[in-house]
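Look at the two complexes coming up: subunit A is in both, with subunit B in one and subunit C in the other.
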Partner chain A sequence: MSIPAIKGRAFSDRVLLVLVILLSIVMIAPVLWVVGLSLKDNAELMADPNSVFHAPYTLKNYINTVGTSSVFIWVRNSIIVSGGLTLGTLILSSLAGYGFARLNFPGRHILFVIVLFGLAVPEQAVLVARHQIFSILKFHNTYPGLILPGLSASFGVFLMTQYFKAIPKELDEAAMLDNASRFRIFWKVLLPLTVPAQATLGIFTFLGAWNDYLWPLISATNKDMYTLTVGMASTQTNFAQSEGIGFLMAQAVFAGAPILIVYLFFQKYIVTAVSGAAVR
Partner chain B sequence: MTADIEIRNVSKQFGAMSVLEDLSLSIKAREFIVFLGPSGCGKSTLLRMIAGLETVDSGEIAINDQRIDHLPPGKRGIAMVFQSYALYPHMTVRDNMAFGLENIGVSRQIIDARINEASRILEMPHLLERKPGQLSGGQRQRVAIGRAIVKEPKAFLFDEPLSNLDAALRTRTRIELAQLHQRLQSTMIFVTHDQVEAMTLADRIVVMNNRKIEQIGSPMEIYDRPATKFVAGFVGAPAMNFVDATLDRSGGNAKVKFADGIAVQTEIASNLLADGNYSFGIRSEDVRIVPAGQGDADGVVDVLERLGERTLIYARLGDGLQIVGSDVGNSRVAVGHKVGLAFDGKKSHLFSEAGRAWHAGEA
Partner chain C sequence: MADQLAMPHTATPAASVRTPSADIYAPQWRNIIFVAPFLFFFTTLLLFPLLWGIWLSFHKADTFSSGNFVGLGNYVRLYNDKVFLQSIWNTFYFVLLTVPTLALIGLFLALCLNRRTRTAAVLRTLFFSSSVLSVTIVTLIWRIVFIPNVGLLSTIYGWFGATAPAFISNPSLAMIGIAIATIWWCIGLPMMLFLSALQQIPRDIYEAAALDNANRWQTLRSITLPSIKRTFILVIIIQIVLQFQLFGQAWLMTRGGPNNLTKPIVLYIYDTAFRRWDLGMGAAASEILFILILVAAMAQYLVARNKGDRA
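Coming up: the complex of A and B.
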């Protein structure tokens, strides 16, 4: 950008630019701090936390993290649980959203309100009852046990319902005149138009499932069924906060990296969906 | 392929609101029919009922003597072009056109042949691999028509398809639609609230108002011999002049008198008319502008509209009533001038309070 162009900018634009830069620093600094700490030896950090700003750096914490025998099992578990939950949520939310948006059936409105009530019920409120039910059904320490509770995705149904409603009904009608069955209209005409919403819902679901700690802590008591969050936590000693800060940070980076990759992959869909840009 | 369409005693309600009442209509094969009427008159609902997108509450619809009102839209053998075009945004033009044929199991070879033929007719082979988002409004319109053509339907339905186009493109597309009808010789039903579209495209116009058909006729029948006061006022721009009048039936032809005493001789036979209150109707082109004192009435010019080939003169009579008359293109009349208005009795109309119409020259 040429200097006159910069000079020509309104004062408010420049203030906004400074604010955005400051906000970016606030967001990025902790991440850099975590990465920096993860590259330092625990003992060195205990002696001087400011040592993060100078060499030597080491990959020892990462080697220790990967060296924990079960870590790849936990990663696998997290991928299965997060992936399964994401896939299930997308399928169910899309079908339910289409149903609520397009089909006229008795009790549709009351049923939708009941679904929305699900948004107001915190997980903690149903934890004990769910634990007992899953215990009776012997679902604990199984993948269904970790996945099923997350499939009651009120937010997903709500999001997809609103998205389907925003698609012009003329498309359904044109497809009906094109002799398409209801499922074919859903599958070939409408569903492809919801990709931005699917991506948004997918990434939020995946993030939530990947970072979830409470339910896996209750349901997965067998070490081989730990998800990454529970597994990582189990490796911490009592004094990890002071003695093993570098190791802890390496774990955090290790746990966060897949999420970062997923985010980068879906970034454009999220921006599209959040900005409200239409597909049409 | 073409179709006779028969609509018999069709009614439709949305909840407690009646949208169409006991409506009957016969559409002949290869005919270009236009449903014309103001917003909310039921014309689009009727079209959607023919398409199968709305159910028929009572009555029946038949194509080539076979009832179709119980069939789903895809089984009726008709194609529809929507106002919004309703192209599938994620599919290419080719896929948009192929979708309907794939659904009925047409072979790839035939699909390709039909798409190529339709795109040739519509001069859009270069657009086939594009998506709707990459097309202009006019091009989308063509694709929507192309999607209808490839299905080789018994009848084409158009739901205000020109509304989203700019004025120049609308005129061009209108002409292309007329040419397309001549080329395909298919039955076409076109819904619009634009009387110019109706007048220029239709073999017959169905004028609708308030849930009912007001008149069915050729464009010039509708224009020259409107069946009701509504039709007379709705078709034609500017709208027909109406003046409340009383009758003098003493002569062979009726003479009308306006409230301020102005009298106009019509050529409507007195014996056809009963006593009562009437509306005298006359179109602007049948009101000549003459020097003050030489016409049937005098008025002061309020507004001038220069249309090029003629000038519309909006003149106010003594009692405040505004009459629109017509003068030559380079009229020297100016706002504020006093002018005379000469009513052409041979082109006059009378409308009873019940809505019935009489026209000059009627036996």
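Coming up: the complex of A and C.
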């Protein structure tokens, strides 16, 4: 707000600043607490929680995380599932987006309306039936079982259709004069122009798949097929005994830090993707 | 349009442009090949399960078969199931706790952080950062905040010689505990939506207001808030749809307890269908959730369409 200063403004600004700082402490403090606990020896922690605030700190919990838990298998599964789903979504959405935006075929309009309707269907409404279908197909505890449901999401198609529509038609028509095929126009002329939308959709899909909990919880019941989210949750069950708190916290940091670092790098895209997804 | 643009060159290309553009936009079956791959997955994994789920909800089904037709039997059982009715109430209570708070804090943060300073940028990044974490990590963080003895909250209360409220085990506080964790997790999106709405308000309106010696409160009330009214409604609806789907936080923080007081509809579905393997009843419960969400989603569509009409 670049409005010229008005009397009394500085004071109210300061009040607001204090409020915002308080809220940001609420945002940070729990995370710092977790990091702190992850660096402490369990016995010491049990004796005195305040020991978090002073040395000695130890990396023992992290060494245990890396050494003993299945966390690497889960990270690998999460990478395969999220990567596969992202790649699949980008391919399907780009093709369909181009099709809906640029080509005409019988029933195009009604098909697009049906696809839009898909946006309003929550995962929970199809969960039970999907589970039964996947049981019959023996897809549970496989990578396709974890990846395929995400490919039916309409959001990517909707986003890419809008994006292709925004590209001037003269580009296709010029290429058409050179007798380029439909697919060639799509691949060589239009697709390179959609890179920003691809990035947005890609990051959005990857993040959503990485953090997905409900479907992997139901579908992957074999410990070796857990994704990171489900695997991490499964180790929390012995939480109450609180003998492994430092260890659990180290796992949390181990699982959370990479995604936060990715966020810091791709902030701009992530924010656009997430708020764009919501508005539509 | 095509030949108008081609005109300036010569007359001949203009004529040849017209011919292809006439048939390229005619409906052709082979064009469907571009949308076919997506439609295959959309039909088999969304539309078909959607209809199959409705079918299942009228049957006494288990994992592999759709058993006997029971008509509205599952729905009648749901209606008579105290736990299900409790879960509907719990979900509404949770939505009531989180949605207005998210909207108001989100709006407050957006108003404060809508400036081009480095601090504001850092704070925006901070407030959105929790949104990228998975529900597992968020609940782990908040359980360690709320847990007695080593918890952050009990440590802080301990400094003052007080006992922290038991946000997880106390029946009247458990849902509030889940709501706090959820607000912490989800605050980024409403803030970002409000920020992008604020940035679309033309600057000259503010300049005019400043010339009229409008004070800050007047500017906020008569310019800023009316301009983002639509976004406010949109944020509320989006959050209702999102928070209606509460599952992970409740499952991981309280398992729906104590006494089913924090069991939301989705957790009820999960319990019924995937732990008691009563798929028919689970499907019936998910149809009811679907209808509730559809109503909210339709409201979102109407608000979004209104914007299109005005533009």
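One rule holds for everything that comes next: the second predicted complex is superposed on the first by the 186 of 280 C-alpha atoms of A that agree within 3 Å, B and C clash if a C-alpha of one lies under 4 Å from a C-alpha of the other, contacts with A are read in each partner's own complex, and residues count from 1 in each chain.
What we mean here is this: contacts are C-beta pairs under 8 Å (C-beta built on N, C-alpha and C of every residue); 3 or more make two chains touch, one makes a residue touch a chain.
A quick note: this is a predicted structure, and the numbers were derived from the prediction, not measured.
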(message) After the superposition on A, what does A:L127 contact: first (subunit B), second (subunit C), both or neither?
(response) second
(message) A:A175 in the overlay: touching subunit B, subunit C, both, or neither? Say first, second, both or neither.
(response) first
(request) Considering only the touch criterion stated at the top, classify A:L16 as touching first (subunit B), second (subunit C), both, or neither. (result) second
(request) In the overlay, work out which of subunit B or subunit C sits against more residues of subunit A. (result) C
(request) Using the superposition on chain A described above, determine whether A:G118 touches subunit B (first), subunit C (second), both, or neither. (result) second
(request) Check the residue A:F100 against both partner chains and state whether it touches subunit B (first), subunit C (second), both, or neither. (result) second
(request) Name the contact category of A:L151: first (subunit B only), second (subunit C only), both, or neither. (result) second
(request) Considering only touches as defined above, state whether A:P192 meets subunit B (first), subunit C (second), both or neither. (result) first
(request) Please work out whether A:I218 is in contact with subunit B alone, subunit C alone, both, or neither, and reply first, second, both or neither. (result) second
(request) Under the contact definition given at the top, report the residues of subunit A touching subunit B in one complex and subunit C in the other. (result) 170, 173, 176-177, 279-280
(request) Using the touch rule from the top, collect the residues of subunit C that touch subunit A in their complex. (result) 1-2, 5, 13, 16-17, 20-21, 24-35, 37-39, 41-42, 44-50, 52-53, 56, 61, 63-64, 66, 105, 108-109, 112-115, 123, 125-137, 139-145, 147, 149-152, 154-155, 158, 184, 188-189, 192-193, 196, 203, 206-207, 209-210, 215-216, 219, 234, 238, 241, 245, 247-248, 252, 266, 269-270, 273-274, 279, 282-283, 286-287, 289-290, 293-294, 297-298, 301, 304
(request) Sort out for me which residues of subunit B touch subunit A in the complex. (result) 51-53, 72-75, 78-80, 82, 84, 86-90, 99-100, 103-104, 133, 147, 151
(request) Would you pull the subunit A residues touching subunit B in the complex into a rising list? (result) 168, 170-171, 173-180, 184, 188-189, 192-193, 279-280
(message) Considering only the defined contacts, which subunit A positions touch subunit C in the complex?
(response) 1-4, 6, 9, 12, 16-17, 19-20, 23-24, 26-31, 33-34, 37, 45-46, 49-50, 52, 91-93, 95-96, 98-100, 103-106, 108, 111, 114-115, 118-133, 135-136, 148-149, 151-154, 157, 169-170, 173, 176-177, 182, 186, 207, 210-211, 213-214, 217-218, 228-230, 232-233, 236, 239, 242, 245, 248-249, 252, 255-256, 259-260, 262-264, 267, 270-271, 274-275, 278-280
